[in-house]
């Protein structure tokens, strides 16, 4: 599959945006500026971006607790996300969701999700809607190597096959679920095979390589979009940070992190590809880097200056409409 | 006006909603029936027969599923997020145990967590409550538990007329709605118009009007309370009987105004006592109608035990007209 | 594996007991004598009995909503079961559980279970206890072809592999989950393969043939007992009755039931084996038949005469001890 | 007496219980940590560090699991049914959503459904409640919801001393116990004896004694209520502050006797209002202490909305000393 220059530029920009967003978020958490629980995606950028390269706005994705990368790749407003993480009422979710609940329905982002494997069943629903409407849309869910052991994930996979809906299950193996290695938590030796045993094809890729993921995801999404039922993508790539910020990462082997950053960096790998193919010049890539750095810097400046929520906003947005004529559903002193 | 059973009234509402709006679809276990078998698909219509005939008219919008309640609710939630109006059937309310996350952490919270930028117009229907000798895992009300979760609307019809009107409201509502059908009432009849009509949420029904005591009852307790009250009329005792119809939103004003007039309150529900609706309503009145109260507020409910199997035990377990009568008299003592 | 005469006699008696128990229960339900929801196992007797032939009292089983056969095979008191189904306070569960909750912990019967796939996680717990105690016990769970699509079942299978516990998963394919065929509800074409993909061996048998199931179960249980982690049994055999009593069975193909009773009757097949091998004589088998018929007849007579529960029993048995000194947890009028 | 954090007090209780009784074991996600990885197994001790050091002393009784909460609770339930005393950890109480069936339909109901013939001495520990900017899916109290299910005992400690004593009681208790640890209190210290001690269930703690108003508060609300009450002393207002410590069983007598003396009641909990503990206690008093009441019963709780992310919003969401003070004064107005 040859990839247009526009897509290459856009994809590199997305990956770089995720990287800079995350590294900056990491710094701001260390500074005590970002509250709550935040999980960083750094290192896995190619997965999100290569998958989303095959999607348009009305295809949907649903993400995980580690959601920044997926959301940026699908087009979420970066400045709105940064404000959200800072807890501003100008944030994408008005400061009500935070890192684990970034969402933008209009962009087809059905949300990051704080419940491990909360997303796949919902994604099957979006895929079912596409099937009923016969509109050619696909619904992608992202899952980690740990989340695939949750009952809801299995149910969703079987249901997608039964209903023959265009659901794509992207499994990102970053080797760990919190502090536990996949070799322990996934009982069988072959997660790809266990997934395929549910009755759909799974395409494997090296998650450090945008082009490999792009190809695998392309096959899976084409399969689903063509009405052949669900498909899967299985991509291996470690995360660069701890599970959460402050994680001592006792589970890492010696040199593991250095090796990851050195030899498995999707941004470097992408640049190497470009150097070989000549499709994008170093100058073009450098220019993107500079723009992205400026954009992220500005997003932090804006987030720090953004409006803070006021107490009366607490009870807004629970319902679209709830009761009428003095009919309330809440009472407290 | 034609007499219809509650089952038929609900079925009619589903047919009319499906006819009117092609974004409505039903999903659940055996809602069509016989899929994959030698028999005729669509010949079941749900184990209680509530979805009868839907598959035959709209095969694409009558979706049979495996036994995977989390995936059923998730599929409804996801389809609703992208604009469909699913009506999912969960066979017994007790099975909320296996799909609670999708209800309370996903569909209930999307709108809030996403800063008010999503809508999830899904309806989940359940058969609910005791009276069938179905024992501990097939007899629970569960609506009192769901009422405690902000983001959900909770409906409990007590008769065929309300069931049809409330379900049509539920389907048109843009927020997630849980619809609990007391299963002992499926065969009970009422006058039910053939045409479509809606009953607003948060508007209680005054089933009886009287001066001495306010009785608030839910679901299958409404006819039992009415029987108790009608018998007490002979003794010169007259009661308001309020059926809130929706527990969330709750028509607080109707209850408070009645209590202000009568000074006495009895609350009746079939669920066990702790953190249930009887306490909820009692607590409301003990704050906001306190100065009108002239007697202790009585709660009539099941004891703090699971539902027993044996008919004699279940009869002793569930509130009945005698217990309601005793409670009303206690407030007058 | 050669089977002792004692085991043969016992096993035939068990199968015959299940058959007569079930057919008699069917008749008593039709008579309106047995309340609640009852699911009959008739036809599948060989599965339960051949599996339990490898277990002693301190090995555990956990059953399903269709539990009579498993419980009888594991040694539950038949008269106590019959009384339970009639709702007597002399029943095995004092009339509190009924058909869906027959249990006898002392016999290693962790209960029938009204929640589809409620059992497998619990069975993993029993297996884990065996592993921690190093006592050589195994824990068997029974699952239907429909229940294997429930998230809890998948979780239990993976967890058993991860923990390497002696859990044995017996999957009984009777082709239907309620009114839906396995070919629809299990999305993949090969349930055995999907199960094995979790990382344990599954042994297949014709569920009409006691000897085939005995061999397969023997292998699985030996595997688990030897400390090699979980194992599975996959047995195919149709049920003779509807899902519940009164089920119109619209899903059946023409002649399906006749064929089942004619050509797939575990009792007949057992007798044919005996005729060939000569291990048991026709007279011996006939004598068992007569004894079993008498036993079941007596159990019904006893059940009809047995004590009925009294109202104050409702609140007993919820806790072993709950509060003290006037500290109650319940209050209702 | 030595000062210990609540985290350390719970950890100490676990160590002592494991030491004393070899049927005690812990199970959950990362309760050991680093399984399958290059790091040292046991170096995590749970994401909140509560199980620290257990694996190192008793590797066979510190069981790491995949992310499969239903299987975790099921494993605890099953092991308890056969005589073990498991202490399972579910990381956040919100995750009850994915394992509720195993809690409320299985372990809670075994004994009743089985006619009083089983015991299930399992403890499930949860981190619970708000205060961490953890947003909608990681901040719920949930104990109010679980209190409504007969068969469970529900514990909510408000300080390190109680946490240790109550956990030791929980582990020795023969019924299933849910143990909710307010996560904002993990770092709070109290004087905690080194030796083992137990605190009986259903026995409230009088945190303050006074004459004017009875205040009942739960979990993390107890210190907030104490602060409010201590400040009010300067204004000449004196209050009883009752911490029930267990919500099921509930020490009704303590509450009723206090209300009979003061005539005024304020109930404080961090959960939303509907069908919660504040209503539960209010309803109790409005019946059984009615004649003593001289003022409306005030409930101080969260509003009817999910927990927001932003610190300002969460501060407005959770009850605090100011709101408690206002409610106390309202009863005196």
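All chains are identified by letter, namely A, B, C and D, in their written order; residue positions are counted from 1 within each chain.
FYI, a residue touches a chain if its C-beta (ideal position, glycine included) is under 8 Å from a C-beta of that chain, and two chains touch if they have at least 3 such contacts.
Keep in mind the model is a prediction, meaning the values are calculated, not measured.
Seen from the Cα centre of subunit D, the chain whose own Cα centre is farthest off is C. When the contact pairs of A-D are set against those of B-C, C-D or A-B, over half line up by residue number only for B-C.
Averaged C-alpha coordinates put the centre of subunit A at 38 Å from the centre of subunit B.
Separating the CA-averaged centres of subunit B and subunit D is a span of 30 Å. The residues of subunit C that reach two or more other chains are 84, 93, 95-97, 101, 113-115, 118, 149-152, 155, 158-159, 162, 184-187, 317-318, 329, 331, 333, listed in rising order. Counting partner chains per residue, subunit B has residues 65-66, 68, 70-71, 94-95, 97-98, 101-102, 105, 112-113, 135-137, 150-151, 248, 250, 272, 274, 278, 284, 287-288, 298-299, 303-306, 308-309 touching two or more of them. Subunit D makes touch with subunit C in their complex at residues 25, 27, 60-61, 63, 65-66, 68, 70-84, 86, 101-102, 105-106, 110-119, 150-151, 153, 174-175, 200-203, 248-253, 284, 287-288. Across the interface of their complex, subunit B is touched by residues 60, 62, 91-97, 101, 103-106, 110-111, 113-115, 118, 120-130, 132, 139, 151-152, 155-156, 158-159, 162-163, 316-329, 331, 333 of subunit A.
Of all residues in subunit D, only 29-30, 33-40, 43-44, 47, 64-71, 94-95, 97-98, 132-138, 266, 272-274, 278, 298-306, 308-313, 316-317, 323, 326-327, 330 touch subunit A in the complex they form. Of all residues in subunit A, those touching subunit C in their complex are 149-155, 157-162, 184-190, 193-194, 196-199.
Residue ranges on subunit D touching subunit B, taken from their complex, read 70, 94-98, 100-105, 108-109, 112-113, 135-137, 144-145, 147-151, 247-248, 250, 271-272, 274-280, 282-288, 290-291, 293, 295-299, 303-306, 308-309.
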